[in-house]
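What follows is chain A paired twice: with chain B in the first complex and chain C in the second.
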Partner chain A sequence: MTEQMPAPRPSDPPKWSRYQYPESLIKHGTLLAVLLFLGYSLHFLNVDIGLLIGALGRFAGVISERYYPPDLEYVLDRGYLEAILDTLQMSFLGGFAGVCLAIPLAWFSAWNVTPSRRLFFPIGRLGVISCRAIHETIWTILFVSVLGFGMLAGVSALTMFCIGFAGKLFSDEIEAIDMGPAEAMRAVGANPFQVFLFAVVPQVRVAFTGIAIYTWDVAFRAATVVGFFGGGGMGWYLKRNVQQLENLRVAAIILSIIAMVLVAEFLSGWLRATVNRAK
Partner chain B sequence: MAMQALTRCNAGQATAGRNDMAVLTVKDLRVRYSAKGPEILKGIDFEVEDDDFLAIIGPSGAGKSTLIRCVNRLVEPSGGSIHLLGEDVCSLNARALRGLRRNVGMIFQEFNLINRMSVMDNVLSGRLGYTGNIRSLFRAFPRKDVEQALYYLDRVGLSDHINKRADELSGGQRQRVGIARALMQAPKLLLLDEPTSALDPKISREVMALIRDIALELKVPALCNIHDVQLAKEFCNRIIGLQDGYKKFDGATDTLRDSDLDDIYAMEVL
Partner chain C sequence: MAATDVNPTALSLQADLRRKRFLKMGLIWAIVLFFVAWCLQGTIIEDTDWARVGGRSGVLGSIGRYLTLDWGLLPELLIPTLETFMMACVGTVVGCFFSLPVAWLGAANVTPSKMILYPLGRFLMVLSRSVHEIVWALIFVSAVGLGALPGILAIAMRSVGFISKITAEAIENIDAKPVEAIRAVGGNQFQVMYYGILPQIYPVVLATVIFEWDINIRRSAVMGLVGAGGLGLLFFRQMNSFNYGGVSMVILAILLLIVLGEVISHYLRKAVI
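So, the complex of A and B:
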C-alpha cells in the first residue's frame, strides 16, 4: 500500500461512453440487420403499399354492400344460442382439463424445483413445447380425423392448446418464486412433491388462479376457431354459412363472436383483478 | 503469519480434544460452485461434539454460509468428507439424504417461512420428513404432531399467534416460528445460518438466548454462523474463525484473543 494512485494529468480528461467498442458494434449492427431484412421482405413479397391503403376503403364498401344489415334474427334463433352455449362449455371443459394437466407439467419443467433435472425436466419441457408447437386449428384437424366431428374433438384440441398456453406461463411463474422456503423445506427432509406443495404452491396460488382465468378467456376465443374446423359450436355455424354464401348471417355470427369475446375478456379481467386484490 | 495461525489451530484442536463421540466430523472440506470458479472453502477440518454450541465467525464472503449448507448438502461439497451422526453425508442417495436431513434442524437468516401459510402450518411443515405424500397433500398431520407443535409454539412464546399468517408477524416472531419448525424435526443437530442478523440487537439477544436454552434443554449440539463476535462470545462455548475459505482459529471461546480477531478479520492487502 506504499504506492500512490497516479494523479490524473490535466491534458488527459476522463472519458466515458455508454457503449464500449464491441457492444456498440453489436447494438447498431443488430438494428441495421433487422431494418435490412424488413426492407428485403417488403421487396421480395412485392407488397404494394398503395393497394394496401386502398384496401381500407374497399373494405368498408364490401361490408356495406354485402354484409349489411346483419341477420340478427338468425343469431337469436334457439339453435344458434345453443351453439353459443356449446362453445362456452367447450372452452370451459378444455380450459379446465388443460389447466389440470398443465400444473404437473409446469412443475416438471421448472428448472428450480423439478423433481429430477435429468428425467422429469425434459419430459415436462417437451410436453409443454409440443402442445405449443402445434396450432389449435391443427390440433382440431388431427382430433377430428381421429374422433370425428363434434364437441369431443373440439374439447380435446382446446385441452392441448391450454396445456401449452398455461404450462408455459405456470412454469415461468414457478421459476420466479423465492427459493428460501424451498430451501427450508428441503432442509427438513421433504421430498420434491412436498417441496412443491409447501414451498411452491402457496407462492404461486394467486398467480395460477389469474393465469387459469386468462387461459379460459383465450380458450374461448380459440373455441370459435376450433368450431370452424369441425369442433362444433359457433364456429361450425360460421363455416356452414360462409360456404352457403349467406353473408348477412355470417355478419351476424361474426358480430356475436365479437360480443361474446368482449364479454369473456371483460369477465376474465374483472375476475383476475378480484383474485389479485384477495392476495 | 500463516504458520502461526496454523499452529494455533492445532493447539485449539488439542485443547478441544475431548473423548465423547463427535456428532459431526468435517475433514478437508472443499467447495467450488462451478468447475472453473474460485474455491470457496479450501480444506476445512473441524468437529462438533454433542454438547457444543459452536460459532463460526468471519468476514462476509469467508464461506460461513457455504460451510453450514454443506453439512446437510444444500450445497454439494466438491472434496473432503463429512460424517454426521455416523453416516457419510457425501455418499448418501436422495432418499437417504432426506432421512438424514430430517434429523438436522436448520434456522435461516431470512427465516424462510412460507408467508402465505398460517404459523401452525409453518411449524407443522417441520414434520414433512416424517409425513407421507397423501397426508402432506391435505395437510393432515397426526394429532401427536399437532400437540407437539402447540407445545413448541408455547415454548417460543407464540401461543397467541397460532392462526395468523406468517407474514403478519414481526421479525423476531418470525424467527421464533423458524425455531419451532426446526424443533419439530426432533433434531439431533441444529444448523443456524445467521439466525439474528435480520433482527435488532435486543431481539437478537433474546432469540440467541432462546435457541441456547432450548439446545441445552434438549441436549442438541448447534453449529451457528454469526458475524456478530460479541454474540458469539456471549452464547457459544467454541468458536471457529474463517477467512477466505481457510480456518484461522478453532478453540474455546475464552481462548479467543483480540489478536485472533485481527487475524480473522484482517483485510487482504493487494
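So, the complex of A and C:
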C-alpha cells in the first residue's frame, strides 16, 4: 500500500502560478514598460501635467464663464428646428442604406456560411474593416470633396459608417448561429444563397432587427457632427457658431444635441424592447 | 387515425395567425419604406446641387485625384502617427481614472447614496456617450488651448461612458459574499472596494479597456481636425492645400495604425482572458 503512487494531481490552474518567479517578472516588467511609455508620451506630446490635473477645475470655470446662460431662443428658431429634422432624416437614410449594404457583406464575411472562403470572405472582411477603420468625419470630408457640400455627402458618409458598424455586429451574429439547419440544407444540395435565406436568416432575424435599430441610434449620434465638416444638419450650425465665437449659442446647440441623442437612445431602447417582446 | 387527424379549427387559427403576422410585417415595411422615400425627397433630391456633382465623369475625376499617391509625404508621417498613437494610449488611461469614480457612483449595490449620487453617476455615463468626440474636443480646445492635451481629454471624456457603464454592470453582478465578509470584519469603503470588488471585476474591465483603446485610436486620428494634433492635423493641412495624394497617404497611415491596433488588442485580449 505504501509504495502505491499518489494520484496524479491536476495541474495547477494558471491563476496560481501568476505570482511565481518568471510570470511575476513579466507582469511587473510589462506594467513598468507601460508606465514608462505613458510618461514618455506625455513628454513627447508636450503635455503640461499640472495643466492636466488642473484641467477639470478650469473646465468648470470656462463653462460657467463663457458658455453659461445658453441662448435657448436660438435653438428654438425655425431654421434650427428644420436642421434637427434634416439630421434625423440623414441618420435614418444613412442607417437604412448602411444596413441594406451590410447584410450581404456580413454574409460574405461570416466564416461559417460564406459563399466562398477564398474569394468572397476576404472581400467581405476587407469591405467591413475599411469602412470601420476610417472615422465618420473623415468619410464626410472625403465625400464633401467629391460630391460637394450638402446632405448627399453626409448621407454617404453615414452609410459607410453604418456598413462598418452593422457589418461587424451582423457577421458576429451569423457566426454564432446553430449550424444544424445549414448543414441539413447543404446535404440536400442547396446553394449558398438558399442556405443563407432559409437556414441563416430565420435564426438571426430578430437579432438583426435589434442591431439595425441600434445602428440608427449610433448613426444619429454621428449625424450630429457630420454637418461640422459640410454634411448638413445640426453640425453646420455648430460649425458656424464655433467659428463666430458665439459661445452661448454653441452651448445651446450642444444642449440640444444631448437632448436629441437622449430622445434617440430612449426611442431605440423602446423599439428594441418591443421587437424582442414580439419575437 | 387519431395521430393524423388534425383539428380543422386549429388549422384555420394557424392560418389566421400567419395572415395577421404577414399583414403586420407588411405594414412595418410600408412605414419604413415610406420614411425612406420621404427622407430621400427631403435630403437628397431637394438638397443636392447636381451641377456641382457633375455627372459620372465629374465624380470619377474627383476620385481619381486621390489615386496618385504623394510618396514625398512619407517622412512627415512618422511623428504625427506616433502622436496619434500616444494620444489614444494616454487618453484611454486618463479615461480609466475618470471612469472609476463614475462607475462607483453608478453601480446600484455599492453606491454611497442611492437617492442623489446614483442618478448622478448614471447621468454622467449618458452625458459622456451622447456628446460626440468632436464636440468634446471643441469644448476642450476652447478650455485648455490647442495641442495634444484637449485631444487627450476629449478621448478620455468620451471613453468614460462606455468603460464606467460596463464596470458598473460588472460591479452589480459580482458575488456579494467576499464583500459581506470584508464588511463583517470591519473593512471600510475603500477596503471593500480594493479587496472585495476589484479582484472580481478585473478581467471584464481590462477587456473593456482594451476594446475602448482600439476605438480610441480611430478617435484620436480625427482630433487634429479641430485643433488637437496628430494625424488629423496633417490630414486637415493636406486637404486645405488641395494635395489629394497627400490626403490618401494620411488615410493609408491611419489604416495601418488601426490594423496595428487591432492586432495588438487581439493578442492583449487573449493574454488577459
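FYI, the second predicted complex is superposed on the first by the 228 of 279 C-alpha atoms of A that agree within 3 Å, B and C clash if a C-alpha of one lies under 4 Å from a C-alpha of the other, contacts with A are read in each partner's own complex, and residues count from 1 in each chain.
By our rule, a residue touches a chain if its C-beta (ideal position, glycine included) is under 8 Å from a C-beta of that chain, and two chains touch if they have at least 3 such contacts.
The model shown is predicted, which means the values in this text are computed figures rather than measured ones.
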Does the superposition put A:F59 against chain B (first), chain C (second), both, or neither?
second
Report for A:H135: first if it touches chain B alone, second if chain C alone, otherwise both or neither.
second
State whether A:R186 touches chain B only (first), chain C only (second), both chains, or neither.
first
In the superposed model, which partner reaches more residues of chain A, chain B or chain C?
C
Taking the superposition on A as described, I'd like to know which of chain B and chain C A:L119 touches: first, second, both or neither.
neither
Contacts for A:V263 in the overlay, against chain B (first) and chain C (second): which applies, first, second, both or neither?
neither
Taking the superposition as given, does A:A273 touch the first partner, chain B, the second, chain C, both, or neither?
neither
Of the partners chain B and chain C, which touch A:L32 in the superposed model: first, second, both, neither?
neither
Should A:L81 be classified as contacting the first partner (chain B), the second (chain C), both, or neither?
neither
Taking the touch rule as given, give the residues of chain B at its contact with chain A in the complex, in rising order.
72, 74, 98-106, 108, 110-117, 125-131, 133, 136-137, 178, 181-182, 185, 191, 269
Interfacial residue positions of chain A with respect to chain C in the complex
37-38, 41-42, 44-48, 51-52, 55, 58-59, 62-63, 66, 85-86, 89-90, 92-93, 96, 129-130, 133-135, 137-138, 141-142, 145-152, 154-155, 221-222, 224-225, 228-229, 232, 238, 242, 247, 250, 254, 257-258, 261-262, 265
What part of chain A is in contact with chain B in the complex they form?
1, 180-181, 183-191, 193-194, 197-199, 202-203, 205
Within the complex, chain A is touched by chain C residues 32, 35-36, 38-40, 42-44, 47-49, 52-53, 59, 62-63, 66, 82-83, 86-87, 89-90, 93-94, 126-127, 130-132, 134-135, 138-140, 142-144, 147-149, 152-153, 218-219, 221-222, 225, 229, 235, 239, 244, 247, 251, 254-255, 258-259
